[in-house]
Structure formats: structure tokens, C-alpha cells
Amino acid sequence: DNTARLLVQGNDRPGIVSELSTLLTTQGANIISLDQYSTDPQRGLFFQRTEFYLDGLSAALPDLEAAISQTCERLGLTWTLSVASRRKRVAILASKTDHCLLDLLWRQRRGQIDMDVEMVIDNHPDLASQVREFGVPYFHVPVVDGDKKAVEARHLELLQGNVDLVVLARYMQIISDDFLQQVGVPVINIHHSFLPAFIGAGPYQKAKDRGVKLIGATAHYVTKDLDEGPIIEQDVVRVGHSHTTNELVQRGADVERAVLSRAVAWHCEDRVMRHGNSTVVFA
Amino acid sequence: DNTARLLVQGNDRPGIVSELSTLLTTQGANIISLDQYSTDPQRGLFFQRTEFYLDGLSAALPDLEAAISQTCERLGLTWTLSVASRRKRVAILASKTDHCLLDLLWRQRRGQIDMDVEMVIDNHPDLASQVREFGVPYFHVPVVDGDKKAVEARHLELLQGNVDLVVLARYMQIISDDFLQQVGVPVINIHHSFLPAFIGAGPYQKAKDRGVKLIGATAHYVTKDLDEGPIIEQDVVRVGHSHTTNELVQRGADVERAVLSRAVAWHCEDRVMRHGNSTVVFA
Amino acid sequence: DNTARLLVQGNDRPGIVSELSTLLTTQGANIISLDQYSTDPQRGLFFQRTEFYLDGLSAALPDLEAAISQTCERLGLTWTLSVASRRKRVAILASKTDHCLLDLLWRQRRGQIDMDVEMVIDNHPDLASQVREFGVPYFHVPVVDGDKKAVEARHLELLQGNVDLVVLARYMQIISDDFLQQVGVPVINIHHSFLPAFIGAGPYQKAKDRGVKLIGATAHYVTKDLDEGPIIEQDVVRVGHSHTTNELVQRGADVERAVLSRAVAWHCEDRVMRHGNSTVVFA
Amino acid sequence: DNTARLLVQGNDRPGIVSELSTLLTTQGANIISLDQYSTDPQRGLFFQRTEFYLDGLSAALPDLEAAISQTCERLGLTWTLSVASRRKRVAILASKTDHCLLDLLWRQRRGQIDMDVEMVIDNHPDLASQVREFGVPYFHVPVVDGDKKAVEARHLELLQGNVDLVVLARYMQIISDDFLQQVGVPVINIHHSFLPAFIGAGPYQKAKDRGVKLIGATAHYVTKDLDEGPIIEQDVVRVGHSHTTNELVQRGADVERAVLSRAVAWHCEDRVMRHGNSTVVFA
């Protein structure tokens, strides 16, 4: 209950680690773990994640935030402070396939991902009972007459104000730039290839046609450019000439669920920082 | 001395395995290992690698080849027969970097790759003494006045009739279609990315820019389309945000040498069969 | 429906592959895939798995089995013939943890493991509703007054004649030699370490204490010697100094479910052959 | 030239990060990277590695060390400060096999390991010319009449005062406790198995006999208990039933050289901290 995480980034300059750790110590905090990275020994970009313990954290929060704000403003840094016990509220968007969705729900139930799944939104009705078995609200939002605008509007009604993160668990629909701006929270997608190989639709068929010896999956933040957002995590699995495209799909599913679950877990533990089209992951 | 390998491929039909194994048994051979693969249960493509032991192999060879030829012609199959003790004669083309070249030479010396390295051809002189330490002839063939035609002509003089395989060990020069046709033996290249990601020059810089979490290498047969030939082997290694492009190059070198050495070893043991733009690898 | 798999093993001698493939061809079968392995070029042990397609398989079965039996008897080989459409009937024994159990059920449902799960037997009642959600019978057989004899007797009542395979999905109880003999079918266990490291109870705590950098899991056939049976599959995952024992348990769970699922899938596709305390896996 | 690394460890208490980073900042240093780990949120053990840049480092060193010494003494911490440009002086002890030795020399030459190899000591003469090709002094110290005491005495003459680290690159001889105490620097060994599996001699034969599906290697600090010292790094490679013991040895060699090279590189970059029988590795 008394653990928090401070993320800070900006232009590097001497003394930032010292100022921030002194600030935390002065406020009575004990630093549990600190990860720091600069892109260059001099004049690079600075990234820091600090996890700390502070007795009576919630009472101390206003003063702490004021102090951090003041220091970071002076040093030209941006920051976010997360209380570990306030778990991220997550919506999962799914389609027909169940592997990524069920793995996220199962890991949340066994305490491996620090999140509260507030809802699952699905454009096919098949997974309703399985989702509700986990005690999670399930909303079926079908595409009617190809009206994707209407679907996104319905999604926004459900999501806005209610979640801190949207996860596309093989949702398979293109998200409009407009939606991304309005939803106002990060969106993580799992792409079923080792990006940037096999961008776009049908990556397993493309992989079979090209005769690759490994297939992969990529979890990334969604930006307006399809499959081009900052990569959080990737992994691969070995395949051979005897595997059919369908077997690639099955083997790939194992990688997809593992990669997406790791990416979501890291995001929910405030281990991922974005800059440009890249990520810094303190995992 | 009495071990041979028979590779057969063509359109599948019932009875091929039976006919071939009966043929070998009738000739007195004992099958040590047999790998067979059909692309489809019915009417697919058929691939088979058979390793067998035959007392007095070299004396028996003419009769054996005549029998195989007759059977395969009747069944509409193509075939090659290799005597295991006749090691493939290999030329390695190198440039400045040493990691792939030295790993191949070192593995050959310790008996891990079934080949005789007949020569190393290099367009820079730096590696001469190291290559000769392995007892391998070294030819320095520099590009003079940008005349690549002259270089390829000199290469062909050295190679034609003398080798069964050409290996590009980070040779870094584009090979002309004309050269490929005239050299008349397979050419294996190592590309320093997980193809088809990062085709072309500078893959590590591209990987850094894209922020990928794994980098890889690909060994493939060279065809007239750059980086598009049949893939023999691929592998990857994990990288993180803190690795510089130079560190990607270093980590990548470990993958490159491992992938190329595996591909060359498999080729030299007749474990790789090509069809279309793919390979069947019985490893 | 017309696909079958023939497993043959015994002392090697020239001509076995030929005799068996000719036998199959004579009976009208088309060999789809053939894997063969001998422990030595001469006088070793012989192992072969042949998958074949035969029109009207079930009508042809008696004649086929008679022919195989006669040939194998003459050659001194043991054999089993499995019709692919007759899926293995499997019982899963579980305890409190759900990861291996749910992964097996989920893979069966999506068609990745060729088995029919006939029942789940559990010594704790917690997982009943989740198992039944998959449409699988669930039996709660608690240990009463520490009477393990009674539990095994109850298990035998449920299992005998009803299943072809028993899977211990983190069942965590020692199986008596008596039970193994009476149940009369193979039993596969998942041990939560990379055997032979950390035999016995508490492997993750032992791994933490020893400071290893990888943890693993091992699927093996159960024999009367605990953790000593023939290994089917193993895998590992990287861990670091910062992982608590509890995090090792969580990371290990991912490896356990993957390893056990692969082992069960291979067994159900007749890809595993036992000899002595080892396995030959044609995967 | 102006980069240094400060390692600090001891009992955790609030304020250590702050005190140390403030100290460095006050002395004019810019922290480039900081890794910190505590075994427990409260009252655990504290470990920190700080890499920093300081203009005019060598002139500033005496004052800096005095300040660190004073602070760490007050906080009850032990510390070491390493100047990055003062590379560790390393002796490699080898026997007949070349793979670990050559990989270390080759990586050092291409700038991948931050060390100066001062000498190679070998109990067989075979590798002399290869070692000297790298420009490294080579000493042949054979065991005469089984007199290991004499060998260790000769080793100590060569080593004492001349090196900061001894690496056993498949040296294959047991090191006496007496030697360990007198040599006065850390000793890193590569064991050719995934410890604690297959402790002692002949691990590949034991692995073959047990039928494992992965083989591994372990780099560890040498202590008086054979194969029981703190593990720095481990890795594995997949093997199958068809691999002979000799092929396990060859595959294992690839893992051994990779694992040992990583461990030595990390040690030389001051990334490894020991406590009890474990290591903290900030890699």
C-alpha cells in the first residue's frame, strides 16, 4: 500500500539522480529499486524509474507531488507518479480468437499482472461465458452494416473515463486516428509477426510463402500508422518446412499470448517509457 | 568410408519409399537414417534423404548409380548421391570482418563441419596471416578502380572446377547474376538481419531506429534477387534500449557466425533440399 | 480418417526399412512421413515411425495388422499401430494449481492436442467449475485421514479400462509402484525443475538458494523411481537475482505448462518411443 | 578516460542512494547509469552499481575515494571504485581444448571484452602458436610426475601481483584451497553442465545416459567446494536422441564459450557483485 513509482524523463544534465533521490529521502521515502539510463554520457536523454516505499503514502502524496513537480519543472523534466496499489484499469478488445484474451484474464486472476480488467469488448459473441467465468463484464459490440464509426462511438462511450489502458487482444480491426485521440489513454496491440517483417494482414501465410525458420509476435503501442508504433516486446519460435500455415498460426498463438502478457504487465508496473518511436523498458 | 547419402525429390505417389529402400537393400546397403517429407497427404511434393552404409561402396558405386537413375527416371524424380567421405570443396569469400570466416575455419579444423576449405578470397588483405595459420590458401583480390567485372572474372578463374560450394562470409559485395550462372555451384550468404525484416544495407542501424527487441541473422542461397533467396537457417538474440548500434553489431556477429556455420554444415551433410524459394532442412 | 501410424523398434539389421515400406505399399498405403533412427551404423537399436494414408483403412486393418505382426515377428521387432482418428483417451490428475490443467484443456479445445480428455481427477475441489466449462467430467477425490491407499483404489476404479494415458498436471502426490502396475497405461508427469537438477520437493526454493540463472521444467514418464523416468521434453527460462522465489514459481509455471503440453501432444501423436531410461522423440 | 564505476553493498537503510548520488554530484560527476537492488523493501541487503563521468578523473581520484570511504564507513557499506580505462589484467589457464580460450582472445582483440590478457598458462603445449598469434605471452607449465604442488607454485610465481583475475578456460584441474587463498584475486571457471545438474567429471556422458533434452554450461567463481561457487551465468542448447555423446561435447562447446565470455565481460565491467553463494549481476 505504501509503494509508489516515479518515472522521469527529459534532457540529461549532471545532478538529476542526486536531486530526485535526495527529494525522496527528504520526504521520508526508502528507494527499493532504481533504474536509470542516459542515451549518451553527455547531453543525451535521461530516463529514470524509481520504486520507493513511504510510510503513510496517501497522506503524504500532495506534498510529495508538489515537491516533485517543482523540482522537475526546474530541471526541465516530465514525470508521472503512480501508487502501486492503484492498479491500472484495463479494457480488452477481442474478436474471435481466445488465446490472448484468456491468457490476460488468467494471469490477472493468479496475480501475475497488476491490473483490474474493467471490461471485455468483443465484436463476436462467442467468448461471453468464458469471460464472465472470470467475473469480468463482457460487452458485445458487433459491426452493423459495416458502420465502423458507430462501433467506435459505442466503444468510446464504454471506455472514456473508465479505463487507463486499452489492450487489443487480436482485435483485428483498424483503429481510427480519431478514436486514438478521443480515448485519451495508451492502446497496446499485439501484431502476429516479428515486426517489421510481414507488416499488414496475413503474416503467417506470408511467412510460410517466404520459408522463414522463425515466426514471431510484436506488442506495441498503437499510433496512427498501422504496425509502426513503439515496440514494447517481441519474441519468436522456431518453425520448420513441415509446418503448415495452420500450424504456424497455432505456434504463433503461443508467442502472441506470451509477448502481449509481458508487455501489458510491464506497462501496468510502469516499466515502459516512450520517446519518439522507441521505448525504454526497465524490466 | 562406406557411407553415402541419397537425396530424392519430385511429385509424390504411393510406393516411392518402398521402391527406393528396396533398391538400396537389394544392393546390400543398410539404411542408417531416413527422413521423408511430403507437402500433402496426396499428390504433394516428395522429399527424401537417406543415409546408408554399404560395404565396398566405391566399387559398388557405378551399379548403384545406374540402378538409382533407372528407378528415379521411371518415377519422375530427381536425385543426387553423395559419398560421405568425399567432403565438399569450399571457397570462402570474405571482406574486413573476421567473425564468420574464423568460425568456419575453426569448426572445420575441429571436425564440426564436413568440408575442405580450398581457399579464402578476400578483397582486403588484413586477414591473410590468420587464414594461413589454419593451413588454408589465401588470395587477395582487391577491387581496382571500381572494376567489379574484373574482380568477378578473377574469382571465376580461381573457383571454376575447384569448389563445390561458395560461402559469402560477410563478403558485403553484390554478386552479379552472370557470376552466379558461371560459377555453377551453390552460393550461401549470411545476411545480418532476420529476413525479410531490414532487407538491404545497414540493417543494424535500421533495427536501432525501429527500436526492435530482437536482432537476427539469415543464411540463404544466393539468387539473382538480393536477399530473396531460399532461407536455410535463421536465429535471433535479445537486445534492449541501452544497446548502441555498435553493440547491436557485436551481438549480431555472434548470431551471424552461428547461423552461417549451421547452414554450411547442413549443406555439406546434404541436409538441405531446395524447391521454389524454400528449403527442406532435415537437420 | 484413413491415416495411421506404425511404430517399430528392436535390434537393427539391413532391410527393415525396405521390408516395412514394401509391406505398406503392397497393402495399398501411401507413406506420408517416415522417421527412422538407429543408435549405431551397424548392430545398433532400430526405431521407426511411419505415418501413412490408406483408403478404406478400417476395413483393411485386420489384414494389415496380421501382415505387420508376421513381418515384425520374423525380424524380431516390437510394433504398435495407431489409427489417427482414434484419439487417445486421457485422464488428468490435478491438485490446487491450475496452469498445467487449463493449458491442456484449452489446447485440446482448440484442436492442438489430439486427445479426448475423459476426466479430471482432483484432490482439491477448487477447479470444478472451470473444468466443467470445458465440458469435461470432474471428480473430486480427496485424501481422507491420510489414506492414500484408498485414494489410489478410487482412482483405479475411475481409470481402468477408460483411458489410454494418465497425465499428472502438478498433481504433487507420490504414485505407488503398485498403482503404476495396475493402471496399465503410461503416466506422464511434469516436474518443476530442469532434471536432474533439484530432484524432489521445493525445486524453486532450492533454485533460489543456489542462485541459478535459468529455471526449468521436465516432462517424463513416471516409473517407480521418483523423478527418474524417461524424459520426454524439457525447457528453461531465464531468471535473475531480483526474482523472488514466488516469481520463480510464476515464471516456472509458464515453462511447466508449455513443456507438459508438448510432451502430451507428442505422446498422443505417437511420436515418443521408450527404450531403457531414454526416449526417442520424432517431433 | 574519465569514466568510473562505483560498487556499493551492505545492509539497506533509507537514504543510501541519495547520499551516494549527492556525493558524486558534489564532486562534479555526471551519473551515466545507475542500477540498484534491495533484497527486501525494508531491512534487506542493498546493492548498487553506478557508472559516472567526471572531468579530470584521475586528478580527482584521491579526494573522491576519501569522500566515498568516509560516507560508506558511516553507512556501514563496503565499496570498490574502478576506473574504466584501467582494464582488468587477466590470466587464462587452459588445457587441450581451444574453444573457450580462443573465444576470449578473439573477443578481447575485437574490443568486446574490457580486459588485458597478460598471459595464457597451459599444461599442454599444443596451443602456443595460436595464442602468440594474438600477441599474448604463453607459458607451458606441464604437470611433472603428478606433482600438482609444484605446478601451483609455478602458477603463483607467474600470477601474483600481475593479474586482477584468473580465468579457467576448460582448465580441467582441481584448484587447491591453498592456491585460491594465495593468488588473492577472483577465479572464474566454466563448468560444462547446467549446474547443479551433473556436478563433477564427465557431464556430457552423464547427460547422454540420463537422456536430457537440453545441455548447458555454467560460469562461476571458484571457491573451495568444487562446482559450488557463486554462479555468474548459465545457458543451454537443445539436443535430441540422435546426438552422440561426442556431438553433445561439440554443441556444449558453443554454449561454454558463450557463457564464459559473457561472465568474464561482465566481471571486467564490474557488473557482478557477490554475496553468500549468490551473485547480483547488473547486465
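The letters A, B, C and D name the chains in turn, as written, and every chain counts its residues from 1.
We take it that a residue touches a chain if its C-beta (ideal position, glycine included) is under 8 Å from a C-beta of that chain, and two chains touch if they have at least 3 such contacts.
Bear in mind the structure is a predicted one, so any value in this text is a computation, not a measurement.
Enquirer: Please identify each chain that touches chain A as well as chain C.
Expert: B, D
Enquirer: Between the options A-C, B-D or A-D, which interface matches B-C on more than half of its contact pairs by residue number?
Expert: Most of the B-C contacts reappear at A-D.
Enquirer: Between chain C and chain D, two touching copies, which fits better, same or different residues at the interface, with half of the numbers shared as the threshold?
Expert: Chain C and chain D contact each other through largely matching residue numbers.
Enquirer: If every chain is reduced to the average of its C-alpha atoms, which one ends up farthest from chain B?
Expert: A
Enquirer: State the superposition rotation angle between the two copies chain B and chain D, fitting on C-alpha atoms only and giving a multiple of 5 degrees from 0 to 180.
Expert: Angle of rotation between the two copies: 180 degrees.
Enquirer: Approximately how many whole Å separate the CA-defined centres of chain A and chain D?
Expert: Their C-alpha centroids are separated by 37 Å.
Enquirer: If you average the CA atoms of chain A and of chain B, how far apart do the two points sit, in angstrom?
Expert: Inter-chain centre distance comes to 41 Å.
Enquirer: Counting only residues that touch at least two other chains, what does the list for chain A look like?
Expert: If we look for residues of chain A contacting two or more partner chains, we find 33, 37, 242.
Enquirer: Which chain C residues qualify as touching chain A in the complex?
Expert: 33, 98-99, 102, 106, 110, 112, 129-130, 133, 242, 250, 254, 258
Enquirer: Which chain A residues qualify as touching chain B in the complex?
Expert: 37, 194-198, 210-214, 216, 230-236, 240-242, 277-281
Enquirer: Where on chain A does chain D make contact in their complex?
Expert: It comes out as residues 3, 12-19, 21-22, 24-26, 28-38, 41-42, 53.
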